[in-house]
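Just so it is clear, A, B, C and D label the chains in written order, and each chain counts residues from 1 on its own.
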Amino acid sequence: MKVFNDPVYGFIEVGNNFLLKLIDHRFFQKSRRIKQLGVTEFVYPGAVHTRFQHAMGAMHLMGKALNTLRSKGITISDKEKEACEIAILLHDIGHGPFSHSLEEVLMPGIEHESISYQFMLKLNEEFDGRLNLALKIFRNSYERKFFHELVSSQLDMDRLDYLIRDSYFTGVPEGSINVERLIQLLNVDEDRLVLEEKAIYVVENFLSARRLMYWQVYLHKTSIGAEKIITNIIKRARDLYSFGQKIPMSPALEYFFANKINIEQLSENEEAMDHFSKLDDTDIWGSIKIWRDNKDPILSHLCNMILERKLLKVRLSNEPIDKSELQRLKHQVTKKFNVLMSDTHYFMSHGPVTNEAYILGGKPINIITKKEGVKDIAYASDLPNIQAISKIVLKYYQCWPKGLTL
Amino acid sequence: MKVFNDPVYGFIEVGNNFLLKLIDHRFFQKSRRIKQLGVTEFVYPGAVHTRFQHAMGAMHLMGKALNTLRSKGITISDKEKEACEIAILLHDIGHGPFSHSLEEVLMPGIEHESISYQFMLKLNEEFDGRLNLALKIFRNSYERKFFHELVSSQLDMDRLDYLIRDSYFTGVPEGSINVERLIQLLNVDEDRLVLEEKAIYVVENFLSARRLMYWQVYLHKTSIGAEKIITNIIKRARDLYSFGQKIPMSPALEYFFANKINIEQLSENEEAMDHFSKLDDTDIWGSIKIWRDNKDPILSHLCNMILERKLLKVRLSNEPIDKSELQRLKHQVTKKFNVLMSDTHYFMSHGPVTNEAYILGGKPINIITKKEGVKDIAYASDLPNIQAISKIVLKYYQCWPKGLTL
Amino acid sequence: MKVFNDPVYGFIEVGNNFLLKLIDHRFFQKSRRIKQLGVTEFVYPGAVHTRFQHAMGAMHLMGKALNTLRSKGITISDKEKEACEIAILLHDIGHGPFSHSLEEVLMPGIEHESISYQFMLKLNEEFDGRLNLALKIFRNSYERKFFHELVSSQLDMDRLDYLIRDSYFTGVPEGSINVERLIQLLNVDEDRLVLEEKAIYVVENFLSARRLMYWQVYLHKTSIGAEKIITNIIKRARDLYSFGQKIPMSPALEYFFANKINIEQLSENEEAMDHFSKLDDTDIWGSIKIWRDNKDPILSHLCNMILERKLLKVRLSNEPIDKSELQRLKHQVTKKFNVLMSDTHYFMSHGPVTNEAYILGGKPINIITKKEGVKDIAYASDLPNIQAISKIVLKYYQCWPKGLTL
Amino acid sequence: MKVFNDPVYGFIEVGNNFLLKLIDHRFFQKSRRIKQLGVTEFVYPGAVHTRFQHAMGAMHLMGKALNTLRSKGITISDKEKEACEIAILLHDIGHGPFSHSLEEVLMPGIEHESISYQFMLKLNEEFDGRLNLALKIFRNSYERKFFHELVSSQLDMDRLDYLIRDSYFTGVPEGSINVERLIQLLNVDEDRLVLEEKAIYVVENFLSARRLMYWQVYLHKTSIGAEKIITNIIKRARDLYSFGQKIPMSPALEYFFANKINIEQLSENEEAMDHFSKLDDTDIWGSIKIWRDNKDPILSHLCNMILERKLLKVRLSNEPIDKSELQRLKHQVTKKFNVLMSDTHYFMSHGPVTNEAYILGGKPINIITKKEGVKDIAYASDLPNIQAISKIVLKYYQCWPKGLTL
């Protein structure tokens, strides 16, 4: 039995030796060097917690949830318990640095879930098939479907942990949720995960908290502005690199500039696996500090912006940006930074953001009621706000450098 | 007025534009990339908070303390207030990565306080003397001595913030202290900082918490083991470098491998200042990941140890290690790692650790009593434990690789 | 300056001597013996906090709110500040024991606000007119209307304090709200209290929390059941008393059994004022313990129910109870308790309950937006749930003794 | 399974039906009406928590402790578990109102533990011997001694719960202890309760917190002053009563004024048991409010003091009060209150107070060390402060009415 201190839950106890082995594996240890919320620390300085902590926390909640279900008479074998804990521990192992922002730049067209899967395959090989069941549960090919729902659904252990953890580290108390109560009210009905009827208000609270965290934290304007700078730095560096310029960077980062990865064979591509397993926040920050002195003025300027916290201005609105407005902004950028029209995109950005606090039509959060059986929370609640939460989701952001007039 | 969210205090409000400028300066922004507790995250995964947060928190407490003193009739000008806030904000700006462990390797013989001072001189130049008073207070050459005590003493805003913050992020509730109460009971007597008589128990509690945090966190055995690996990695790389081997690393790190810095002229040494202002945790971790594949087996092995969390075994004891025991360990190391006797030191370490929760004889924490005037807390308390805390401070650690027999 | 410890806010500092006098007045000290949430402790054992604490907390928030407004440039004189603090401190002074349940039994037709007002008049006399402005603000006859809104509106200091305090003492974290943030975002526009635009999510969170606390705490089924027993005990005792039976009880309680009070002249009715100022929870509990041995079997049985926690069964439904169902229940009661049909009402109860988390059409919570000026939060939010919260408010409860079949 | 909300632990789950029966028994329900800390609310307004909550909390910790011990391989039968939970649930059932202050006045010479025992005997009769083992454990006549230590020792579940709970409700964070960690480190060695070696700092912290709570809360000067008024009110009323004066009061209180109780036969004395089971805080407060108008000026004056919070002045000193000083005070009292010398004691009080944070020589808190086996914490710690805590324990208080000159 090994005990990990955790500021959110007090203690996380791990009694299973194989889990301890996975935790110490360098594939997982890498998550110590990837911040859960990327650039959010520029808005919430406390938000420097890592994917490592989050994965440990989610595994801890998984253990509690399974124990609760057992205490309610659901039979769960030790093998199934271990498999669930492995699946949730490793569910995010495929994240690279600044995940959602850089994913598309570093490995275009590949989602981190697929990479997680490839790494789990690799580990399964290394550990002689011990992850077989975890892989099944992760991919939802195991017949007892509620296990997968605990790993990945609209009320999975992933979301429970990150919501309460992000609230703790950002210092946004409105995002705090009653995890203990939610887990206590879990049950299983016909192999589906359900919540008891009296959970309605707690689930509503969870979804409101989630929606609020989206607008206050995950989609915070200033965060978006910082994120775009990071993305554009990497894009600029990659573009220079592809034109043959020599840019200093880590071998791992360079590998993904130089190669296009095929996800299907990733787990057999030793080189790619090795490089990806080394790629973390330090590669990005390490590069940015060096590139600040790069002779390319665009790259150098962008790096300076993030290092001196001269972030982009950001506007969120209900309508996409107007073409002519965009054109005017671009003109100003060409003058202010003395760049070509075709390079203005490094300094600006626009696009949609979506607040997916609850998705209707997907796999629902189910409430089991005495009178009416199992119902989607959106219809079990006496308020229309969950249905509303699931509709009003789309806004548009525009970022541009300070000093320009919109 | 700008508001920073902080998980420890809720909000940190900064109304002073010049402070905001300093905060956004890249010299200070660098502290976002230096963890307050270095490798402690290997024991307490939550402890990834940065020097940035800590400095902001200490500045916040400074503001509260000065307001308290003003409300008790102490005259404090706005200029003095700003100077104190600047001094505490920048007091740790001279820290490099993994400060206490690497200080001695990267800039031998130079303490971080001197470097902070040099950076403050540099900023003073940049901002036309606006830091003059802050510099005086920092160096304790201002006539109103209690200002310096708020910046640096046994009950300064630095210690108050880091104790409560380290407790919050490690999840060690015993380290939590009643900062609000301590500040509320501050006063000034003959230009000395004092605490009202009823603060005795709260100060005792503060010193016990501090002592406990030393043994449970700052001097945690596993932390020491991880720290030594980091130190030895850098030592080995530097030794290889000085023998002319080509080792990939960031320009900033290389600069300090290649040059011996003279502290007196640091603020005039543009190159050194620039490189130091870029040196942070990412340079160290970035190197470690690359050096894992280095052809030097010692360097490669050490890097692998930290990346796969195969930490050193550590023993704390009241006696220094016995010479013959040391010899036996070294012999085992030569065999296990196939290295020369003269290289065994990269795998082992031993030395003293001191728990300086309270130092008698230094500048005391003063209690102002009705009957007996101002007294050192060690003698104002009715318990001998503060005197005891100040005596029992020395232990000896020994680290060695797992698998050897002590 | 006197400092009160408060578990919710840490410290409550009172620097105004006149406020301290009011706090120590026996009219206000009585609130130490009235629980804020009456019988809720039968569901949430921690909820034994008193009206005293709540009034102190609301006064504390008032001070913070006024300081915030001052820092935003709103002129507020010291006299106005004191008046607001007095008004909120005393706003609930007219509460008797188990207020909402017994109000109607002890002083039919009189609301506690009117009684508070009468007590404030009385104190104003005692203190030579020092409460003049507080009285004006309390009655909303002062021209600067936002002061009254801080005392009494849908976002007044009363609600902010009781929500966070009730959450703290019940242990229902979902009811916790970000009081600090809400106060920080207050402002005044054309003498109305408004919130800045970025407060929208925090206000939404406040209203959701409030709605949740209604269903989870204030209207908790078991609480309703306990409350009805208390009410029916007092009703039965009063009915016996009015038929000339001698029932032991405190002089204060007996006074309100024997006399019908005229609210208009209450402050001139020394006797009534004196008795009311003594009436608190202990009169009710003291009587219940004695009446348990009363020879009237109905009274004795009801007292025993609450003393042995044999509470009523309660059902909440969307429809009022069916007449014939009610009749069946009454029949069962006559048999089980051997009572007349006309006495069954002591053992049962039914009626509406309303969850008034936010009332549309009343004085709104105003958001000041950049584009559209001042808007009701119900329309400023991008979700319909605040409008929904204000609609779905009515349920019906039915209580009946355990063992009967509905 | 019934779930109780608790603000300190979140949820308290009770799965045992017999425990639920005991909880609902009126002997135990009475503890809802006895505040854990008596008059402490006059200093810490939040401290209105009840003995009910505390007993529930202690039972909850007992369950956790026993589960921890089971997980470490200690065999504990379900019967033993239930017995321990009963014993701790009922350990304080013999407390009357304002226990430590009024014990000596209402039932001279009888300790509350003996009364608890008598009530447990009575319940054992009512429930046909189901409390047999609980009684054995409570009286320490069961052969497995560590069970009794969990109920009553220097680190029992009673102390753990009340320390953390008193800290929560008073708002004195220094009193907070790491209950989870302390329980996690419990073990059993040769039928003794022990703590693992790494618990040393946590136990030290527990003892420091306990000592601090003594001086800051339990022996707070203002509390002592309030307590003495309550005691003297009851003494004065009893003295008047014994001289044949008719004083209105509850039958339960009158019973103990009129009768001297013999502890040995208490459980067979139906009348005494019944009256004691009804005696709680409301009897005292109910009387005080009525006695305020009593024609006896001493009684009336004392009641008024507590109702208007005109508390006694209190001094704590290291020496007992000087005889001549006492005489001078008495003279002033005779003049100020126009009373006989022989009645001055109703207005003044003096005596010793002891801070028994840790008692050396009693049954120790044991630490099990690797090298030296089981050791008393006082000697296992590397600081002398636990030994010191156990020595410096005695102070003297003097109380006198405001306005007199000492």
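Convention: a contact is a pair of C-beta atoms (placed from the backbone, for glycine too) under 8 Å apart; a residue touches a chain by one contact, two chains touch by 3 or more.
Small disclaimer: the values here were computed from a predicted structure and weren't measured.
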**Request:** Give the chain pair, either B-D or B-C, that is connected by more C-beta contacts.
**Result:** B-D
**Relative to chain C, chain with the most remote C-alpha centre** = B
**Message:** Averaging over Cα atoms per chain, report the distance between chain C and chain D in Å.
**Reply:** 32
**Message:** Measuring centre to centre with CA averages, how many angstrom lie between chain B and chain D?
**Reply:** 44
**Whole-Å separation of chain centres (CA-atom averages), chain B against chain C** = 51
**Prompt:** In chain B, what residues contact two or more other chains?
**Reply:** 10
**Request:** Would you tell me which residues of chain C are touching chain A in their complex?
**Result:** 173-174, 176-178, 201-202, 204-205, 208-209, 212, 215-216, 382-385, 388-389, 392
**Asked** chain B touches which residues of chain C in the complex?
**Response** 3, 10-11, 180-181, 184
**Request:** Spell out the residues on chain B that touch chain A in their complex, using ranges where they run on.
**Result:** 4-8, 10, 24-26, 29, 32-33, 41, 43-46, 48-50, 52-53, 56, 168-172, 250-252, 278, 280-283, 285-286, 289-290, 307-310
